[in-house]
């Protein structure tokens, strides 16, 4: 039987010389591990002598602890009665705020899912999920643009049957809706990304696994059925070897059908809600320590790209991501390390869509996305990019699949994206809020609502199959007049040569 | 004299073996009737042993009870003092909330009528009337689009006289305004659809009777004057024989001048307000029972079009409606069963308006309608469809009459629709809220207000007769730029052949 | 010395047989006058035995009482202590609500003037001034349309001097701003229309006297200086002789330089705020009595244009106005009875502006006006009509002067109207609210603010004289795209012949 | 040691015969100085016998007191305990409202800077900084127009490095952002304009010094480093000699690289917030005294351009500024008195931009500005003028630099202006609010935030250097449709000759 420690005793070991931390009720001596920590020494030292579960849990996959520490570094368990009252895991704190179990069936739409989840989850998790860059203009526009599009229901069409099945780059799925790579799902619920996979299985929906998932890919796909389709998201790391190792790991997971290379966040956007929440509930001197360094840096060398003084979770996760990707170098490098098809995520202009189409068949699809409004504020909603492609280079649709995400709240939104030519429609926050509202059952409720709304919309349009949806089912006048019509349009005859010149 | 029961005694008979219900203060033994109930067994069993008046009343025509049950099944009456306090009919509950009789003449416009009715009627009735699909975008846009149109008053025109009379497919009426087929009028007031007929008679206005009326067609037209004009709304049933029987029944009612075939709701829209209200004030396990079935269904067979777990009144009423109507099969079938002219309700695109015009003279009119925003959210307002027809196939106006409904709140709205080419303008919710505000007198007040506002508008435009109104009296610039201008427009030369190919 | 009565004694004489009323603290026996009252018997009988000052005062010019009654009908005075507390004149009630005298110089703009006046004046007066038809869309748009226009300031222009003087149909004035014919000024302040005249004199501004002024034209122009310019507004009466008599009376007033024939209100608009206020503070059975008659009328003869059951002050004033004016008959009739130039008020389309220009030189100017949004709701703001004229028949500007009113709140609004080609810019409510805020000094403050703002705007545009303002000083893109572009435009080549055919 | 006075004693010397004032705790006899005061006698007399620090401090540069008064006029010091409680300097009052020192690093954006400053500074200072003319339409539009522009991020571009350096008319700077000439900085914080200079130095940013600065130019540039770039703003005075003296003084300050001639405020705009605040906290008869004169003036001579009865700080500062500047006379006069390049501030039309370009090389740059919305309300935002130039006379960009200010709140705003062709982007209020939030450190935080946001935006667009930004990085459709398209456009072929004719 392991030894039981009081919190006061643990608290004494708060230096680099003797550094103890509490994780999941267990006490560890991590003194020797400090120097090896991939996230740097300082983070550990800031948590020395305290319960680090809240900080550790959502950003480390389960099992990694056992891999990293030796058995003798596990000293014993903490006496929970001695813990300070504020030192609880975010999950526990969150659930305490909830009044009895949520009746998921009484939730009628995605806005209500978000409301329920907002009550359930920790403030920090809410801030990470909800936040978008600057003034949240793109996040808000992502959804509003769908409201600007009108539907055109056709009458006297037999709509007894309704089939939402389709295929994504050759993989059959039951829904044109997939779950976007959304990080840190365990912030919302212990079911985490595995819970999302479980719900997707029920509805035959595809899931793209975030590189910053709070569970390992192996754990997420552990219970996958044969028919299930997964993609894996790659943020290329400054240390390419790390990324190469990950790609090698993916080869061993047959459920992973493609690599989704994320392009729209070479540097993190400015998510103020996330930054503000970083110390919520914490009485640790995290921020002050980081500040000291950066303040002095700023004053001595103002020319250096300033590293933000305070980092939200979003910024922490992105640190280390490569900012030097190019068409010329990155795709060939990728070809050396994976045979899986490539899906490029984050395309926001018709020019880049066109360039991507020139890289078929290595590139099989692009995802039009502004990263949920989390990268560059006032970036265009994906619907704009879709209309741009239609206007300036429709041949792209013939060469690669065009997927889309951002702002989806209703089945009508899904249908509108499909009418515009999108092959697949992703939801990110909705899945996370579904988790927050009710774990894997909450995610299932999200998919159930979207599927039912999508079917109702298709029937009322007079459409039986996804591939029947087209431009004649929508009126996009109100959006079209805002579409980019700039110099590139004027120079369109030479678009190919001009763009190629840049490669 | 009939026997008097205590509520406690009735409550014991709550099983399929012995099933009693209270209706209108009387106690019935419906054990033998359970299997025959057209609406299914479960609904009755859920109400077994209780006062079912609130659920029963608004969706069953008066007299049907006596037709269905044998005299010996009427056991006696309930002692009202023993009823639980919450077990009151919606009508009683509603009237209790009202402070003395409403002074109808002090109500100046339709918004105020709605406000008064909202206070008077039950929450359930309000939810059924008020609700529209999803986010209520189409419902709201239906009215807002009229605000976008400006009037163009002409001066120095003699406007001493003002004549609002016109004709609808050959039938003379005094008002260009008619009452749309609105279901469940007795939820608002015992006068029900008969009360609407009474008010219409006073103003020489036409009424279309809903197939889901809370009174029988015979009851509604019982006191009709010779000059009165009615239409009857048909939702074709999956069991065609039922519809054929109804059509046969209409032949015996000379007041019915046409059949209004509703096309815009082959499946019900998602009316969340209605769904939320379904259990208001009820302590019955209605929802849970329905859920059990659908939950298991969903998890075992996610591909089947999901039946909503919880149904509002709207969904209950629509269940059983056919979803397999087509141009090719339905109109010929209809021709076999009625000689009355056909009016097609729910046209939302110029393509369908054009197709309808090819079916003259069987089809005599179309009603541009998005079902009051209750079917598909973000469907276009009827004004859009009217402008589409003007733009792409104005010949439709020569072949059939074009009627319109949705969003009418002012006489200026009526006049604008007429200027755009509509022959008749329907109001639905306004009539129901009129009933709620003051029974048949409330409906009369609605028509009185609309008539007076319409006359004032015509006079101030410098117009004496309805047929003088035209496009030169309105400025629709702000609407025109949002009208559909998509691929169909580009392919217009071949519109006829392309559309015909689909028939 | 006159006899003093108690209120109780007066109250006994409340029948047609013996009818006393209190007016301005005096007691009159009006029994013999009832039959002769131009406004009808019923109105007097409803006030029999009471203090009628509140109802009488604002709608009868001073002195008319003495003209109408014989000396012996003046019985004595009322003992003010015996009056019921609610029986006070609106002016007294209003002033009681005010905290000390208003510091007019601390009022910086017209919105603040309205706020101060709203507190000062009676609810009834506020409702009459503030109200507009239906949903107040046109009233609100009247002002908003000026906000849509941007100014284009030019630099490096000497703006030391700034001259706002101009001329209206040959009459020199110091301001391009005039006071529109606004009725019932004494509702706001005893200074009434005379007070407006006094303020106009100080600023060299023109005033048009309303036919429904609460003072006689003679009283209003009593103290006019030689340079002062007045117009007189004519509502042609059903009994033409009455109008002819008024025209004859104007001949004797040399200060009256033109007749302003109002065309935009052949029937009154629906001003709900005004209608609602009609019984405020009154415990008289006015409304019930009127209702009885109209209810029975409605039910027996629904075809007759319905007379409103309840009339606000606006409707009372308009009753008796002719609705049968035409280009063909009215202008020639007018020519027989006056040699003064005619100004046509209420033009709202370019077609009517064009027709008016064909009647030069009898017609010397038109006023583009939607009656302050009080006639037909969603009628276009005058700025629209101005742009329509510019677009379709700019020759109008060469033949007649174009004046404009509605929505003016700032000097920049005045300047924008002038840039668009208006020669004169009218303010109506602003003058009345100025009266309400501080009598004639309040009107002066309104003009002072507008003049100062107009000068500042001219200087910052780089303009020294009113005639230098032009289209190049404004950007109207946001308005232009909403301008009428309908069938008339398409048929423009034949505009003259088509319109002439209608004459 | 100097003598100590009680407040009561000082208060007796409140006449022209014996006039004492308290300044910064010292007592002065200014009787002999009254006649010499550049700001007039009355202002001093109104403060006679009181503590004038609050009025004096923010509008007089430090040191001017010692220059103006003789040593014997300094009588002694005031006993602070005898001062009335309300007689404190605004700075002290302001700081009292603050809860401990502000943590500047916790401020994430410019809106928060303004919020913090608004709490810190005096009401009077807030009103002066915050206020804009009339209804604040232009101020609000200045920022909103940036929200209408969408960014177009390009992918797969190496954005490891990011360089914000650029040059302004030949002077190298590290940021494309400069501080606009903003007056009265010491109202916000004692660091004043010197504090702004200090912060600019840290970030290699340019500063333009306001003629109405609350410190002398010599004081502001006292600690300037060699690489620092300043401009000096000139409001030409009615007495030209004063301006000539100032220009001569600038010759001695090598840090001043150009003269910024302000054109957009020949007369002050109407800033109501500023006017309302003028007497806040003061119990001095300032206003009444000014009123007496102007009221009598208005009533006797209404034609004279009315001098405002009450002046805010803005108006006080502008009084004395010349209104007779012209292209023909002012630039040659300027050439006689300075060799520095000229930057013209306040250009608001493409016509004036074009005219300015004809005056190169004397004129080296123009600043598109509507004076922060403080001059003419509903004047266009600078972005409009920028697009106008692009549309009608793009050759301007080749001849002179185009700078821009107004409405900048985010790094994305800065980048959008640069994409549109602006070479430099000015912030005014942000610097003042930065001062208010934390003195020179607050200004540094403002620049730090803007620099970081600008870099993030550039990286996410895929841009490494400022000169790579172009029209293809933005979508301005929503703005373009509102750009001036009036008569000047129609006459474009003759734009040069027409405009030249006006010179």
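Order of writing sets the chain letters: A, B, C and D. Residues in each chain are counted from 1.
Note that in this section a contact is a pair of C-beta atoms (placed from the backbone, for glycine too) under 8 Å apart; a residue touches a chain by one contact, two chains touch by 3 or more.
Chain identities (UniProt): A, B, C, D = L-lactate dehydrogenase (cytochrome).
Since we're looking at a predicted model, the values are computed, not measured.
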Top of the farthest list for chain D, CA-centroid basis, is B
If you list every residue number at the chain A and chain B contact, are more than half found on both copies (same) or fewer than half (different)? different
Inter-centroid spacing, chain C versus chain A (mean Cα positions, whole Å): 63
Between chain C and chain D, what's the gap in Å when you average each chain's C-alpha atoms? 45
Junction residues of chain A, two or more chains touched: 481
What's the contact topology between the chains, one of line, ring, star, complete, other? ring
Provide the full list of chain pairs in touch. A-B, A-D, B-C, C-D
Please output the residues of chain A touching chain B within their complex, sorted ascending. 105-106, 108-109, 147, 149-162, 165, 174, 202-204, 410, 412, 448, 451-453, 455-457, 459-461, 470-472, 474-478, 481
Seen from chain A, its contact residues with chain D in the complex are 134-135, 137, 263-267, 269-270, 272, 275-276, 291, 295, 298-299, 302-303, 305-306, 308-310, 323-327, 330, 344, 346-349, 351-352, 355, 370, 375-380, 384, 481-488
